[in-house]
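Read from first to last, the chains carry the letters A, B, C and D; within each, the first residue is number 1.
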Amino acid sequence: MARIRCDFFSETLGLSTSMTVLLPERAATQIGMSGSTRTGDPPVLYLLHGLSDDDTTWLRRTSVERYVAPLGLAVVMPQVARSLYADQEYGSQYWTFLSQELPKVCHSFFRLSRRRADTFVAGLSMGGYGALKWALQQPGRFAAAASLSGALDLASRHRHPQRPLDPATWHAAFGDRTVRGTDDDLLTLLDRATSVPTRSRPDTGNTDGAGHGAGAASGAGAEAGRGAGAGSVAGAGSDGDRADGDGGLPALWIGCGTGDFLYDDNVRFADALQRAGVPATVDFSSGGHDWEYWDRAIRDVLAWLPLAPTTD
Amino acid sequence: MARIRCDFFSETLGLSTSMTVLLPERAATQIGMSGSTRTGDPPVLYLLHGLSDDDTTWLRRTSVERYVAPLGLAVVMPQVARSLYADQEYGSQYWTFLSQELPKVCHSFFRLSRRRADTFVAGLSMGGYGALKWALQQPGRFAAAASLSGALDLASRHRHPQRPLDPATWHAAFGDRTVRGTDDDLLTLLDRATSVPTRSRPDTGNTDGAGHGAGAASGAGAEAGRGAGAGSVAGAGSDGDRADGDGGLPALWIGCGTGDFLYDDNVRFADALQRAGVPATVDFSSGGHDWEYWDRAIRDVLAWLPLAPTTD
Amino acid sequence: MARIRCDFFSETLGLSTSMTVLLPERAATQIGMSGSTRTGDPPVLYLLHGLSDDDTTWLRRTSVERYVAPLGLAVVMPQVARSLYADQEYGSQYWTFLSQELPKVCHSFFRLSRRRADTFVAGLSMGGYGALKWALQQPGRFAAAASLSGALDLASRHRHPQRPLDPATWHAAFGDRTVRGTDDDLLTLLDRATSVPTRSRPDTGNTDGAGHGAGAASGAGAEAGRGAGAGSVAGAGSDGDRADGDGGLPALWIGCGTGDFLYDDNVRFADALQRAGVPATVDFSSGGHDWEYWDRAIRDVLAWLPLAPTTD
Amino acid sequence: MARIRCDFFSETLGLSTSMTVLLPERAATQIGMSGSTRTGDPPVLYLLHGLSDDDTTWLRRTSVERYVAPLGLAVVMPQVARSLYADQEYGSQYWTFLSQELPKVCHSFFRLSRRRADTFVAGLSMGGYGALKWALQQPGRFAAAASLSGALDLASRHRHPQRPLDPATWHAAFGDRTVRGTDDDLLTLLDRATSVPTRSRPDTGNTDGAGHGAGAASGAGAEAGRGAGAGSVAGAGSDGDRADGDGGLPALWIGCGTGDFLYDDNVRFADALQRAGVPATVDFSSGGHDWEYWDRAIRDVLAWLPLAPTTD
């Protein structure tokens, strides 16, 4: 694998920022490592960090580069500070940055597959929430999404801050507005994704052409919230920053340690998935809200990813 | 010189963050470069970035490492996002991070002089404002401070946003409160620094023992605002995260291009310095708000810095 | 621009190594900077370091990222240690790494134009030698090549070591063999490139399919030495690691400071170019073997590069 | 922990090079991580890479930063290319760089304990050999040394190359000379360290004042080879690039997977230790020459390290 630290400028944030990227590389003579590449541009996993982390954390706390090496899979790890993956009420448009600008930037820099079947998202804690928010808002972009110890009932987190900085973080992201019932609430997004008649669903994965401008995000996101199910895919832009949706929700993986303070939230979300008839792989096992669990769980996620052996 | 990219965790921000650090190194055989070291721990320049930049920008836009090499000077370049070097009303305690935590962290990692005579701060645009805010709030820490195209009348900037993202940036930093007349207003800090009787001035440079906790900052900053002049220096902690103040304001360098949209603000601040009887090197020359000017001006600043040839 | 530090594995070297890469990025709101992108994959400049440097040096000693930003040009900066850009007699196959593996790796990772008209090489000192060696051995790959203070008569350098480490460096690269008259001698390469009948010239730029294996290099290089002129271009592989040669030598830029210890070598090479009837831009001006000169000369080179405004 | 990528210039190598350094940091609020610091400068582990690796590899293939975080231990990871940790016959003085210059450079940049009780070295494969070579040549520097899958009978490796590049690597390092019986042979170093009368032993750990110059290495190394046992410690320089030896060999840890091609070499070395009456922790368990083993074994080594809870 190649490890890349990429310092670039985000127009959405108006800020220089960093991402860490792993790219597949054939490495027949590298000692103690196997490598793999595929024909054509590699599939890509967007891997999202937790509340106190940045783009470097996944690589530093786990052996994710080693686990990924035999899969021929690229990994993109952005940084979004303590934004809760939101377009902050007071601050910056991190959600627009992630869901609209980042894929365009990555595709303009790196050779990565643009196919939905080759595009995945996963994350831990705040990043598990971000991964599912992205997957539910833009189901046409991803073949699979995984949450590790995700803050899956974010709206309820407001009432249970874990650390002294949490209230300020919440207030910057959402101000005084209610999260429940909005595009920032996974339960609402799930409800919309599964209750709207198939034929009429737009699929935001297809409509991210605007994207770059701050401020365009909220509206686009709102559209996206409704855009799930088996809707037909129209209007995939030729600038190709997205995968071609074939309709339906991405495959879902929900994992959490039973000793995690977010365990109950995960149970509730898994129940909601079941009630909605959405198939998902649910993996609740012993573990806490720590890197021992995440170093184990990310391997389970990688083994579960529906990686296409060949292009269809 | 050694160039360091340091990814570390800030307790104040509750966030993984980065700094770029240059450390002096004798380099007799490096082709095309001279090097220099001093006896003992090197002097240090905190070099602050502008609104859209991060810790990598100074190094990428100028040849600052090359300019610094013969001086035996270390350079610390932190990142503070679009925080306006404030403890944000909605967001994070970037001011406390910079002015309290960062020096402690740097001294715990790197061998750097703790003497006031060896400690300097400079910055461009938003960072020019940050440099003077730091110097006026903690005059006991710095022997010299320089502003390049600084936003020196920040309070007036509120009424003249330059870019679409600016109002959101302002609101996150200051909410609805007034900046004029507070510790975030350089004119107010200057007034306090020069109007308080000498004997009674506390010098916050000496009282940053607490520092690490978020929330402790505002009060400390307020004290600091009054702490200038020739006050006696007491209580320099043995943990040594600071220089020993010998009283008085740091030497000041105020530079701006005459074609810069911030030129008028700089003229006003220079006038205020003159009225207050504060000596300063003022350098207004042709130039805009761009890196051609800053690549030139930083060399002027480095030549101006009162670098001690030996320890006193 | 995006700045990338890429840590990857070279099969040719059997070693993890680093490159620094700059990629164009549109940056309308980045303060003090302009940005530019082009339609399609960007042109690329391979920028080679000198004897004591690595992939980070160009960026740290000059403002090359800033100079390149308005051009929409990508820059690839590899590292080759003190190899003299040779397949070392004792050591590693750095020449094969550079001239065969690196372009393949770059094209597999990054979106870069593969067209000859969009591909350039430049370097300083040892890297100026490397740039011309590459351009003369694989003229079908490059539209232009520039040498800044290049060690253009390397064979004569053997008798004039500049520093204590130089003899060991020479011996590792070439052992006891003679450089004059071989593919490592620019004068010999120039002679071959201009004396062989056009029709029969193979163009190694086209035949680097093997490339990845260590050991294949010497032969390929030997072939390449003869591959200049206006030869027809055949067999451009579909893996596309190269530009399409349109025959003839690349445009050449030869620059050196008149106070440089390599000035005489540069004069001799410029004379040889003239005798051979090879057009070149020769720029001898005041300056030494130092970064003040190179920071100035690289701007001249960038202004001179025949960047295509559009694809032909 | 802080992760540092440090690009610096080595006078010994005449080359810009990189090291990766981990520094302890108290991190009470970093999610999923514990942190720890000690009073005073932290203990330090020099962690050496294998044949095809560089300074980034340990961090990318294992979770070593996470494992080290609770220990308050700094980790220094240099890069030495494919040098076999030798002063190369044809090439560069990598052994001198490692054993003389690197500690000086690290102590000039970072706050690290200089005490022998706080100084450790470990490595894998070629780096396991390097770790023991360093520990046996400068026993006064280290309290403990560990070899993971080390090439502990390097002299015999010459006859059993594993990969096509190995003969060239060997030849660059040793030319045509015999390794057996020299300072590059661990069995010879062990023999010297245990057969020389205690009182008369010099301890090179104490005499590395020269160090920086290339060429000084061979002699110093030769002296060092004899410098083991309980010799008195004299002349620790005030520049403090070393720990204070209290005599005797460092504590030793020898581990290897039973499925490793180097297993027999490790058995032979463990036998030699036993015959010489040198106590060592020997850990042969199932495993191969791969990162699954090293990610496990480094945790065993960290648990075994005789970390001092307080300064004596």
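Just so it is clear, a contact is a pair of C-beta atoms (placed from the backbone, for glycine too) under 8 Å apart; a residue touches a chain by one contact, two chains touch by 3 or more.
Owing to the predicted nature of the structure, the values given are computational and were not obtained by experimental measurement.
S.K.: Out of curiosity, which chains are bumping into both chain C and chain D?
M.R.: Common neighbours, chain C/chain D: A, B.
S.K.: Go ahead and note the Å separation of the Cα centroids belonging to chain A and chain B.
M.R.: One centre to the other, that is 37 Å.
S.K.: Report the inter-chain centroid distance for chain B and chain C in whole angstrom, where each centroid is the mean of the CA atoms.
M.R.: 41
S.K.: Going by the touch rule set out above, which residues of chain A reach two or more other chains?
M.R.: Chain A, residues with two or more chain partners: 1, 3, 5, 7, 9, 14, 16, 29-30, 51-53, 56, 60, 163-165.
S.K.: Graph of touching chains, which shape: line, ring, star, complete, other?
M.R.: Contact pattern: complete, every chain touching every other.
S.K.: Can you tell me which positions in chain A touch chain D when the two form their complex?
M.R.: Contact set of chain A toward chain D: 1, 3, 29-33, 50-53, 56, 59-63, 65-66, 125, 163-165, 289-291, 294-295.
S.K.: Using the touch definition up top, name the residues of chain B that touch chain D in the complex.
M.R.: 1-9, 11, 14, 16, 23, 25-30, 35, 37, 105, 107-111
S.K.: Under the touch definition given earlier, write down the residues of chain A that touch chain B in their complex.
M.R.: 5, 7, 9, 13-18, 51-54, 56-57, 60, 81-82, 88-92, 163-165, 168-169, 171-172, 175, 214-215
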